[in-house]
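Chain lettering (A, B, C and D) follows the sequence in which the chains are written, and residue indices restart at 1 in each chain.
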Amino acid sequence: MHAIGVDIGGTKIAVGVVDEAGNILAKVRRETVADDVADIDRAIADACAELTKEHEVGAIGLAAAGFVSPDRRSVLFAPNIAWREYPLAERVEALLDVDVPVVVENDANAAGWAEFRFGAAREATDMLMLTVGTGLGGAIVVDRELVRGKWGVAAEVGHMRVVPGGHYCGCGHEGCWEQYASGTALVRDARQAAIAQPERAGRLIELAGGDVAGLEGPHVTQAAQEGDDLAVELLATLGRWIGEGSASVAALLDPELIVIGGGVGAAGDLLLLPVRKAYEAQLSALGHRPVAQIELAEHGNEAGIIGAADLARR
Amino acid sequence: MHAIGVDIGGTKIAVGVVDEAGNILAKVRRETVADDVADIDRAIADACAELTKEHEVGAIGLAAAGFVSPDRRSVLFAPNIAWREYPLAERVEALLDVDVPVVVENDANAAGWAEFRFGAAREATDMLMLTVGTGLGGAIVVDRELVRGKWGVAAEVGHMRVVPGGHYCGCGHEGCWEQYASGTALVRDARQAAIAQPERAGRLIELAGGDVAGLEGPHVTQAAQEGDDLAVELLATLGRWIGEGSASVAALLDPELIVIGGGVGAAGDLLLLPVRKAYEAQLSALGHRPVAQIELAEHGNEAGIIGAADLARR
Amino acid sequence: MHAIGVDIGGTKIAVGVVDEAGNILAKVRRETVADDVADIDRAIADACAELTKEHEVGAIGLAAAGFVSPDRRSVLFAPNIAWREYPLAERVEALLDVDVPVVVENDANAAGWAEFRFGAAREATDMLMLTVGTGLGGAIVVDRELVRGKWGVAAEVGHMRVVPGGHYCGCGHEGCWEQYASGTALVRDARQAAIAQPERAGRLIELAGGDVAGLEGPHVTQAAQEGDDLAVELLATLGRWIGEGSASVAALLDPELIVIGGGVGAAGDLLLLPVRKAYEAQLSALGHRPVAQIELAEHGNEAGIIGAADLARR
Amino acid sequence: MHAIGVDIGGTKIAVGVVDEAGNILAKVRRETVADDVADIDRAIADACAELTKEHEVGAIGLAAAGFVSPDRRSVLFAPNIAWREYPLAERVEALLDVDVPVVVENDANAAGWAEFRFGAAREATDMLMLTVGTGLGGAIVVDRELVRGKWGVAAEVGHMRVVPGGHYCGCGHEGCWEQYASGTALVRDARQAAIAQPERAGRLIELAGGDVAGLEGPHVTQAAQEGDDLAVELLATLGRWIGEGSASVAALLDPELIVIGGGVGAAGDLLLLPVRKAYEAQLSALGHRPVAQIELAEHGNEAGIIGAADLARR
């Protein structure tokens, strides 16, 4: 059975028809008005209508950045779109002229599910997926099932506390993992290093056009790939936090595979080797248990579409 | 179907027949020689033989303090008994004269399962159980299933890191949760407080017979129940660590209920209220999600027997 | 001998004639253009000229918020005024029509010296002064002498690290004491608490006019004085960090008296008692040494004038 | 004027005649009974008598591992010898048949003073000395004067807190600097690493004779000098903690020179380079201030004798 997956961003949506092997057979995009939830509903329905003309689909999955109700019908809260206890599935169904069931999934869960079913974790039964981007998102698979939690808000991995009294987080707490293990943390550390140790930051500042405030993640990756000492160190620090936090998750869940997604994956082994080293160094009961593999995600931006479609089919 | 549950301690084993409602119908005990694994096998078989004379049972579950293989047949490693990749189920089956299948379960998982099926969490679908004793053990239930992990070593909650550079743990790492949230931590903090602030520790030292080294957990509980300021503070600190760590687990798993077991439960609300306060204060997305209940365990020492028996039946 | 003390702020200067007992005999103010260092020179000279018409003075001391050269003639660097290796004493002397020596002192050192000579520490020989304001400034007196350090930048107490991996500081480092023990930290924690625990923050939000972003230190103090639980807790947390950091300083310097200055002093015992409790609880070798007293500063905004004048005389 | 310096250890004392240039002209040793303070008095007097037969001395300085009264006459408390408010100077004077004044100094202060007057810091005016041994001792010189503090217990640098909730310290507190920056910490970390990462610890375990419990500091130094990756990392971690803590001290005291003494100095640049790197990386206001030099101590075991003698003369 084919299914449609919809990845809903702040100002645009990407919609695709996905077959049972996880291939995207057709794909369309729509622009949306960020704060107009009815406009988003219409854009989704319109895109689905276009695709269902050519493709027969049995389900539609919507990947939304927010808290999703346990019945997979509503978005309870979203940080960047004005959904508050919003019956998204029902609204979209009402606008469709075909009778296809719609379900809503958290976007990080959808992306993680795509890796689990058709990507880096396709051979695994127990997976932790980390999406290292602006924040730190995640998905957890235990014994082949996605963990949604009692109220649908499991796998908010970025808010596990890793440093008491640590960096402030937008969530109102201190020391959240995503303050240490995200692209945002990488950039912030890079800028701070450029202030505190300007003599070591020459290449980074140069890549940023001479302005510390313009320093971004890809500059760090590029400098590191050129062998810049400070940039390598910054990626190693990011990797260390990813790995150490993952070891804490492993104490709880004993995963077989940890998948690292998000833009920082572009750094490749400059990130992955420090992640693995830190994970192993912190893993409890090392020597009495196998060590989980840690790999980069295989699906990039399309993971949300693929995962949402596949979850909708289940 | 009735089943037998066996709780294997260092020098004694407790064995009971458990019905489908979680009641113990009969119970026997055996002394064992701690380092003699064959002696433990024989004691288990002997106790089971005694019980099966009077009771028909369909399964036998062994609760072992150690890492259990994913097929539930062997103990891979145990800290306090000389099991190393030991085929415990097979050895016990060979000594039995009845043909009843034997399975092995981690003891904290067994105790947690007893609470989930027949105790404080009987109404819940997603549970975190914390056993606050010498160390900090745990059990995790997700969507009504016990989480064992890929290699059977999930729910080693005590080794989640909560303080980078924190207290040394016997596991070789620093800052493990059980170094802050266990009876051992309570006693250690109490003794340290008695050194650093002797003038505040008068009642505690008195209860310990005048000797700081003799200070134990029940002294702290008693003093706190009498209103002793330092003792109340020590329990509140223990409770804070339990609650804050639980909020990190909740970021991953979104449980409905957190059950606190172990001897410190005797402190009642003096422990439980600080746990709840800290949990709520640290919980991510408070206000956009329900807050898990936190309750004391209902089964005491018999939880291992009950849980092992019930898991064996499944 | 009388002396003039000058307290140089970002947009205004306060100038006073100070007698040998620390009394201000006359005082004038001038507005300045913040980024115009020559304008500041002229304003200082002009104010001094006005005062020297009526008063005979033997020295002029300038209290500057910045790093001061060891010869007390130049400001090497200032965060808020455009002084960079600026020969402030020489420039002011050149504009004066009287022949009076001018010296420059760090403003926190000047304020601390006023407390040491004429304020809360007048009986002491070894003092730590903490000025808890936007940041955390300080002054150190050892055996009756102000500690300036080899290069004039001692007593930058706010940048002692208290939490590895802790809050970012404007200085480019993490975990600086002033990120936990300053008015800024108090306000930040109050706003974060209002986000994370809105139901406890009712009175605070009300005092802030309904807007969390409008919440300021005096609202916390007022609510605490009314008995508001969260506000009391926020001041206690601030006090704890002040006290615990002071215990670290005491391990190095063994002071007799710790003086707390800055606007948070308005909270009185709501701040001071938690400071003392935390100091004592963290003090090394308690029981084998006396415990330093901890008191509020006696001079408010005039401490800079008084201290600068007195230091200029020495 | 020549003076005698006495270095009092737990079971032996070393006594020397020291000239004004810091040279030891003659030296004797005595065994003592550890817990017999009167025996220590007699041994000191006896050794001094032997030396004063041949040498004219004007003062005797006793270096004692303990808290010394501000009048430099008594030991208030010692962790390893049974001195409790013990009038050590008076007791020794009473046993001498020559009329020479006796003063008592803290042993770390004496060793630091030797470096300041005749060793690595002889050109400096502001010094921090760190003695990295079983614990972390220190001495502070501000503007050419030894800082003793109000009650004689300044420079207990090892008990500055560097990690809230960190390792327990024998003093009853958590996170004391000496738990991270001492030979004891190095050995402990080495043993923990050998448990947690046995496959990386092969050479260390070999040097320890195959037994992790036998692993000592010199094994780490030797392995590091051979290029062993883990050993180099362990020394770098030790160095990082020394350097980062020193940056906190520098925020308070702005020293010109930091002197590293104690057995770990044998590691040379393997220790010193990480110390310097971490110091610079953590130093507040880097770029607006000179950076203190960090050097190894020049006097080894004789620093106590030399410093005590020189302080006695002052």
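Note that in this section a contact is a pair of C-beta atoms (placed from the backbone, for glycine too) under 8 Å apart; a residue touches a chain by one contact, two chains touch by 3 or more.
In this text the structure is predicted, and so the values were computed from the model without any measurement.
Student: Smallest number of touch links from chain B to reach chain C?
Tutor: 1
Student: Would you say C-D or A-C is joined by more C-beta pairs in contact?
Tutor: Between C-D and A-C, contacts are more numerous in C-D.
Student: Suppose chain centres are the mean of their C-alpha atoms. Which chain sits farthest from chain B?
Tutor: Between chain B and every other chain, the largest centroid distance is to C.
Student: Quick check on the interfaces: B-C is repeated by which of A-D, B-D or A-B, going by over half of contact pairs matching?
Tutor: Copy of the B-C interface among the listed pairs: A-D.
Student: Chain A to chain D: how many Å between their CA centres?
Tutor: Taking the mean C-alpha position of each chain, the two centres sit 52 Å apart.
Student: Express in whole angstrom the distance between the two chain centres, defined as the mean CA positions of chain C and chain D.
Tutor: Those two chain centres are 34 Å apart.
Student: Where the centres are mean C-alpha positions, what is the separation of chain A from chain C, in Å?
Tutor: Computed from C-alpha means, the inter-chain centre distance equals 46 Å.
Student: Where does chain D touch two or more other chains at once, residue-wise?
Tutor: As it turns out, chain D has residues touching two or more other chains at 163-165, 171, 173, 196.
Student: For the complex, give me every residue of chain B touching chain C.
Tutor: Counting only chain B, the residues touching chain C are 164-165, 196-198, 280-281, 286-287.
Student: Quick check on the complex: what are the chain B residues that touch chain A?
Tutor: My answer: residues 67, 76-77, 124-126, 138, 140, 142-143, 145, 147-164, 171, 173, 176, 244, 247-249, 251-256, 282, 284-285, 288-290, 292.
Student: Help me check something: in the complex, which residues belonging to chain A touch chain C?
Tutor: 163-168, 171-175, 180, 188, 192-193, 195-196
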